[in-house]
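Two complexes come next, and they have one chain in common, subunit A, joined by subunit B in the first and subunit C in the second.
The block that comes next holds the complex of A and B.
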């Protein structure tokens, strides 16, 4: 299925300009190394995240729709969002605009007042960074380009909630062989395996990190994250690969918090899948922003001669 | 995982009399423990309609109590009292007093959407949890919970500038909830990062707090959003008959 998505509109979202900076950097560097063109959406806005959805879901639909209309205006039919939250929200907007007249009406009204074109469902396809690499390069393409194999690196692939749930907003998933699964996602596993990694059988791929309450209900988040970390360690993983800035930062923050507040120390490392793939392609750790992560993975990378 | 059930017979409903005789029969002691009547007379017949009027609660009427939501629930796994199926039952029956027993934990839904994924009736239980948490706050049963404080701090920034700067959200949230930024885990986290970060990026992150990221030409969108939010609030207040109650 490789060969698609050679040039896509890129929607980084707010987190990738702040705490998820390393994900932004590694995604762009990975694209560059693979000869893929990403063009950032001009003057984008927040997708609405979980927080605006909690105020009013239709407002979140409007905010996401504005970004889709920008992509359309720039002449793109595909927008790639590496953040699970952004990806989920653009998908949800797409679904709601196609199926819910009330959402359409609010989006139409707000777009008119804000002075831009109203986005209509079906014009732009939203994809995740995983779909992007898988579709544009694929496993075989990656294998051919690997310079520094992840051989022997044991990876727990963690996808979180927003990449697969609720399933009705992802009509392209669960379509049999080749498609992504909402109950047992495997795109990240496939890509990292192509780069040489040894994926462990991680049962909590789509468990929740408590990202919604990272700060507002820290104890709940710490408990959930600690479960993810200790399970990854029990599975023998050296590193948890992530594909969402909220999950990633949540795992890093609550790994520290679990140690400071609950006295539970874990040593499994946390890296974005784009960082792992980038290093497998021969990029330096610095180039893929490993030093910008909150958690320190330098000893693992040294031991494995990565980056 | 089994469906967790709650016992409706609570310790405070069990009554044992030391000396009690009824119609000449001695019913004292442990073997004659009484259970106080659970007859409910004060149904809140509006509760389901009110929660259905709030965003997320629209499809609560579809529920047929299969329990898939509670069975799938992330929070239920760490706190068995967190029971979406049971709360939906209470709301639909109008058992307000029973719901209020759990008023301080409803907001803890982490929105993982496992319930919504599992629900065979498209109730959108995640939305119902949000609507219920908002209902409890709007009705004055609880104070504004931390999640609402966070949502507001976050949304205000989006409405005003089109984007958020996550450091600002964090600082505002801690300030509004009266917490110190100097939590030792947060300090340890930042200290670790700073020791590895190059100066250039630190400058960049520092500048982001001074010059907030914003979407250009956001003014018209901002005004339209503020107007819409006000409308939504008015609709919610009317549905919950808050202005009528306020006059009492």
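The block that comes next holds the complex of A and C.
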């Protein structure tokens, strides 16, 4: 273990307290199994995802900055956000506060009004759960701890569109070997391969899942998800591994809807990467929240003797 | 049978892609290089539909040797959410290259089929964007919804 990210501030965000609870549970259990500490931010607030950002982007910057300020106040220099939306917004706030005087001015004013210290760019690093495991344990560390290899399990790694976009808010990516790529992300592939999984070459790993569209135009979302699912199956995948609660829920719900509305049944399973890694480390399916998923993967897990 | 992609609507494109995806391996393998070219052209047509709907003059330029990538860049100008299809376009180019470089590869039919599925994602994404163009943007990292209809309350009043 590198020691890097051994203890990090944890920002679960709203989704992980609701539909993405299995991700919350499996992230914490995975950390525990790996000897890593996560300390949840005290009195955290919404990152401003979608709703606030669509009304007032600078207010969203403030909301995310407040979470970063809390992390700093708790003595942390790193905050880990497993949700792509939260991760994206905290990174965006960091970028805006470093580069946009108007965003700084609004954040200062609202922080004063709310009675807390104004967050200044550069004090806290925001990382994703993938960065956390990769940085703290790495592939070799994972390999050494695997008790129940994912060998033979064919996985399509799906990152969604917000993990790498827009590129300018992720200055640490695209730095050559060892860094994450914005055009062809691989951290999840690397970690699952270390646990024995066979990653398939999935051409839609960063394609849109239609998540934000799901209420206004459900049919388009269902068709986008159906294409993600059928393409994963065409690639030979047993499982789609996810790392975002919005994408994950979208894939699960629209898999059901695709069958109901369009009569198109797909059988590929959908699991969080933290659930797969947790089971590879010997944790039970229940411990990593497989029972909280909408998608039923019990037959596959039984057949593979996982969890 | 090759198709004149320049006169196609998005629905036509979708039908053609479904045909490619459902075609038997032998049919795909026999015409692999031509079909790869057609896939790329279908991708360009999809982006042209979007640009034309926005009243833009279509670029004839290329990026990294591909007009598809130049059209994507044009479509993304001033519209960050459009970048959600950036890698989809690049994957389409990658599958084109795969097939054109190894037209006799044992896996060529599967490569073409996957390329068609990638193109289908592009078609669905652009179709979705067109569908809601009057309501706002498509993606959650987008500009404010209905910005032109009801300006947000200034932060000063928060």
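Heads up, the rule we're going with is that the second predicted complex is superposed on the first by the 305 of 307 C-alpha atoms of A that agree within 3 Å, B and C clash if a C-alpha of one lies under 4 Å from a C-alpha of the other, contacts with A are read in each partner's own complex, and residues count from 1 in each chain.
Criterion: a contact is a pair of C-beta atoms (placed from the backbone, for glycine too) under 8 Å apart; a residue touches a chain by one contact, two chains touch by 3 or more.
Model, not experiment: these values are computed from the prediction.
Student: For the three-chain model obtained by superposing on subunit A, do subunit B and subunit C clash or fit?
Tutor: clash
Student: Could you say whether A:85 touches subunit B, subunit C, both of them, or neither, answering first, second, both or neither?
Tutor: So A:85 only meets subunit C here.
Student: State whether A:46 touches subunit B only (first), subunit C only (second), both chains, or neither.
Tutor: First partner only, subunit B.
Student: Would you sort A:220 into first (subunit B), second (subunit C), both or neither based on which partner it touches?
Tutor: A:220 sits against subunit B and subunit C alike.
Student: Is A:234 contacted by the first partner subunit B, the second partner subunit C, both or neither?
Tutor: Second partner only, subunit C.
Student: Give one of first, second, both or neither to describe whether A:141 is in contact with subunit B, with subunit C, with both, or with none.
Tutor: Neither: A:141 stays clear of subunit B and subunit C.
Student: By the touch definition at the top of the document, which applies to A:166: first (subunit B), second (subunit C), both, or neither?
Tutor: Both: A:166 reaches subunit B and subunit C.
Student: Check the residue A:59 against both partner chains and state whether it touches subunit B (first), subunit C (second), both, or neither.
Tutor: both
Student: When the two structures are overlaid on chain A, which partner does A:73 contact: first (subunit B), second (subunit C), both, or neither?
Tutor: It touches nothing on subunit B or subunit C.
Student: Quick one: name whichever of subunit B and subunit C touches more residues of subunit A.
Tutor: Of the two chains, more subunit A residues are contacted by B.
Student: After lining up the shared chain so the two structures overlap, which partner does A:210 touch, if you call subunit B first and subunit C second: first, second, both or neither?
Tutor: In the superposition, A:210 contacts both subunit B and subunit C.
Student: Which subunit A residues contact subunit B in one complex and subunit C in the other?
Tutor: Dual-contact residues (subunit A): 49-50, 54-59, 106, 109-110, 161-162, 165-166, 207-208, 210-213, 216-217, 220-221, 223-224.
Student: Touching residues of subunit A toward subunit C in the complex: what are they?
Tutor: 49-50, 53-59, 85, 88, 106, 109-110, 161-162, 165-166, 183-184, 203-208, 210-213, 216-217, 220-221, 223-224, 227-228, 230-231, 234-235, 246
Student: Looking at the complex, which residues from subunit B come into contact with subunit A?
Tutor: 55-56, 74-75, 78, 108-114, 116-117, 127, 130, 145-152, 154-155, 158, 162-167, 170, 173-174, 177, 184-186, 188-189, 192-193, 196-198, 201, 205, 208, 213, 215-218, 220-221, 223-225, 227-229, 232
Student: Could you pull out which subunit C residues touch subunit A in their complex?
Tutor: Counting only subunit C, the residues touching subunit A are 80, 83-88, 90-91, 94-95, 110, 113-114, 117-118, 120-121, 124-125, 127-128, 131-132, 135-136, 138-142, 144-145, 152-153, 155, 158.
Student: Name, in rising order, each residue of subunit A that touches subunit B in their complex.
Tutor: 14-15, 17-19, 21, 43-46, 48-52, 54-59, 62-63, 66, 106, 109-110, 113-115, 161-162, 164-167, 182, 207-208, 210-213, 215-217, 220-221, 223-224, 252-253, 256-257, 259-261, 291-296, 298
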